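Following are the structures in question.
The two complexes that follow have chain A in common; it is paired with chain B in the first and with chain C in the second.
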Partner chain A sequence: MEPLVVGDDILDIGSRKAVDRYCGNKAQLGLSQDLLMGRPGAFDVPNVKDPALYCSSHFRSTCGTGDAGQEIKFAKGTTTLAFKFNGGIIVSVDSRATQGNYISSQTVKKVIEMNPYLLGTMAGGAADCSYWERRLNLQCRMYELRNGRRITVAAASKLLAGTMASYRGYGLSMGTMITGWDETGPQLYYVDDDGTRLKGKMFSVGSGSTFAYGVLDNYYREDLTLEEAIDLGKRAIYHATYRDAASGGINNLYHVTKDGWVKIHAIDVNDMHYEFEEEKRNEMSS
Partner chain B sequence: MSVMTYNGAAIIAMAGKDCVGIAADRRLGVQLTTIATDFPKIFQMQPKLFVGLAGLGTDVQTLKNLLEFRMNLYKLKEERDMSPKVLSHMLGKILYSKRFGPYFVEPIVAGLDESNKPFLSTMDLIGATSEEKDFVVSGTCTGNMFGMCESLYKPNMEAEELFETLAQALLSSVDRDAVSGWGGIVHIITKEGVLTKELKGRQD
Partner chain C sequence: MDTVIGVQYKDGVIIAADQANARSILIYQSNLDKIKQLTSHSAMGVSGPNCDLVQFTEYISKNLQLYELRHEGTKLSTKAQANFCRNELAVALRKGPYQVSALLGGFDLTTQKPSLYYLDYMGTLQKVPFGAQGYAQYFTLSTMDREYRENLDETAALDIIGKAIHELQSRFLIKQNNFIIKVIDQDGVRVHSQGADPADT
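Then we have the complex of A and B:
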């Protein structure tokens, strides 16, 4: 398989123009026909009859016991959330990575700062998320250079969803939220490894998402103030880390504004536990 | 998830100078979801004899009741207390009696014998017993616990130092295990009595 050559018009993939342009001199420019049609051609795949089946049964990166039979167990298990409110978007994540029961790290950066105005979150396979989101960043930058303006969040998320769809069945594991503020306002999209792409106001992804949804659904309002929204994002992650064994570590929280994103805080969830315990005690006594 | 890691557990016992300590985490979970943060895994069978049970939660509770029953019978028949060695052997036999349908528990026995000498033993789920002079571990993060014990342990520690060592070993081990932790409890048994302390651990 020929490697992908950066600088080619990858955003013309699938169009007539691209096919005409490259069909003749594909060897010179190093782009394979497969890549043009959106099929996975940039990666070496195992030399077997059904590479998709082989990959998904040996290199699958799933939650729970999906990878029970295979030799390689990838780092995963997480809680990430993002919600839109009148003051922008809050993105709040934990920082734990687990391999089976072993906690491989408590300091993973699950918010991928793609560029100063776009954020992506990481849930599922750590390598899958960070690689494909960095690749998305490349595509966004190419778009900017070619078109003289920033890419919209809708278009960026669609590029990612398209890539995921073309690798469907290969056992990739990625549940991410792409957020940013473009000319249409603050936008939040959920994209996952089977090519699902959903636009929404509030999402939570990962093994601890059910716990986070409980807290979010209870207190969410569109007209939250910035302080209330930050507090909500913080609490939802805290409750998820308390109940979910695969989430924990540090809560990294970001705020997406018109002028780009801002990192609000990085607080150890254990410290939050004792802070909230103190709060509960005071409330009970009053 | 395997049946031994379904609920999650971490237990360490260490011997000191004329004292023993036994410590456990407090979590009860169902796979990745934490259900309780006050689940007892260490049981006081006699004033100076403790049993720690790590493994499937239901078998922990069942085995504890069974052991108490057998112990009471022994006391009635023999008219004396059970020594740690006898309890350890009895437990091994009980576990082997279920060889083809075992209790999914890997117990630890820790106590002071009649001459107040420390006694430690551990066994696998079908009763293979091993007595140790220094420390024994059991649970879902034995790799971590062995590492911590090997590095922190010194022979002939006094009760206070033993407590510190046990606490540090346990907390650092469970912080690298997703299914155990959420606090800890430590019992130090000396010839004067038992000192019990709760540990403030990471709640994630």
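Then we have the complex of A and C:
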């Protein structure tokens, strides 16, 4: 079964390139049909009978120790969150990457700064997230150059969701939030490796997401001030890293405003732990 | 886990669907609108993964729109729309299946008759007076069998939907607080009630 691919051709509508892409390239290149697995412009896939099954069983990034039998274990384990409030959007993430039981890094940049007004977060397979979001960035830039205006967050997330949909069954692992401020205001979309695309006010993704939701759901209000919102984003990540072994490191927090995103802080969650402990002690004694 | 229920009455069709999107133990969102409008006088309540729901309904509705544009505004009958959907599901089945199960309801302005169709991810198509998709089938079909008559009016049909939802909320393990109910009649598709506002995002 030939992989169904939604390539960049969706942006080529009206150009001659789109027609040439599918006509006779294989013959012209003089290579046999077997060697060119994907269509030109699409990905090469493993030269096996069922590439989808092969990819999803050998390269899948799964929760916990589900990938214990694989030769290559992909970096995963995360808590990321984002929520909309009256002052914009707060995006708060941790920075730990785990491969099986090993903490491979404590300094992963899980917020992908796609361009000055669009942010994407990373959860699931680190490689998948960073690659596909960088590719999305390319598509956004092409849109901007072709149309003379910035792409909307809705369109950007739709492009990514469409790409994910066409690679369904191939074992991609990506749970991301695409957020930005466009002419319709602040927007937050959740996009998944199986093509789910949801528009919402608050999302948390990753192995520590349930813990983050616990804090977020109970303290979230739309009319939070900026300081309160930053504090909420910070605490939710802290609580998730406290309970989830696969989350930790540094909390990177961003604020999305009308004029683009701003990085607010990068605080080690261990330092936060002692700060909050002391806070509780002071509260109890007063 | 999705619930879609539909009842046809004398002058239209009512479709109700739950509003939650969940994965494993987490509810991602609880104000979704799973009843997608296809044309001015038809809508499809869909159960299945969000990706397939969106991709399939947008593909169908845009193609139906294209048909109208190409054929001087001729609107396809609900039967034609349902058969088109079925064909697309059947063709995709052995390539990359759309894992959607749907209830398509529509009102034909030419014949002034409503109709409801049951569509399955395997390419099943059946015209039905009432129906349900998902686990809801087990809980609601008996109520609808008991209550349904020919030539119901809108109030009676809404009552049947209400009874079906009530049964689900009493006996179904998965709590589904929010339901969106849409009515398709001579005036088109309108929202009758919703548990949570899909636009509140």
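Simple rule for what comes next: the second predicted complex is superposed on the first by the 246 of 286 C-alpha atoms of A that agree within 3 Å, B and C clash if a C-alpha of one lies under 4 Å from a C-alpha of the other, contacts with A are read in each partner's own complex, and residues count from 1 in each chain.
The rule is short, and it goes like this: contacts are C-beta pairs under 8 Å (C-beta built on N, C-alpha and C of every residue); 3 or more make two chains touch, one makes a residue touch a chain.
Just so we're clear, the structure is a prediction, and the values are computed from it rather than from any experiment.
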Clash or fit, chain B versus chain C on superposed chain A: fit
Which superposed partner A:Tyr242 touches (first chain B, second chain C, both, neither): first
Partner chain(s) touched by A:Gly195 [first = chain B, second = chain C, both, neither]: second
A:Ala161 touches, of chain B and chain C: first, second, both or neither? second
Which of chain B and chain C A:Ile230 touches, first, second, both or neither: neither
First, second, both or neither for A:Arg96, with chain B first and chain C second: first
First (chain B), second (chain C), both or neither touched by A:Phe203: second
Gap in Å between nearest CA atoms once chain C and chain B share a frame through chain A: 15
Residues of chain A at both interfaces, chain B in one complex, chain C in the other: none
Of chain B, residues touching chain A in the complex: 1, 5, 8, 29, 31-34, 140-141, 175-179, 202-204
Chain A residues touching chain B - in the complex, by the definition given at the top: 64-65, 77, 94, 96, 98, 101-103, 106, 207, 241-249, 269-270, 273
Chain C contact footprint on chain A (complex, rising order): 1, 4, 161-162, 164-165, 168-169, 188, 190, 192, 194-201, 203, 209-210, 213
Residues of chain C that touch chain A when the two form their complex: 21, 25-26, 28-29, 32, 49-52, 54-55, 95-96, 200-201
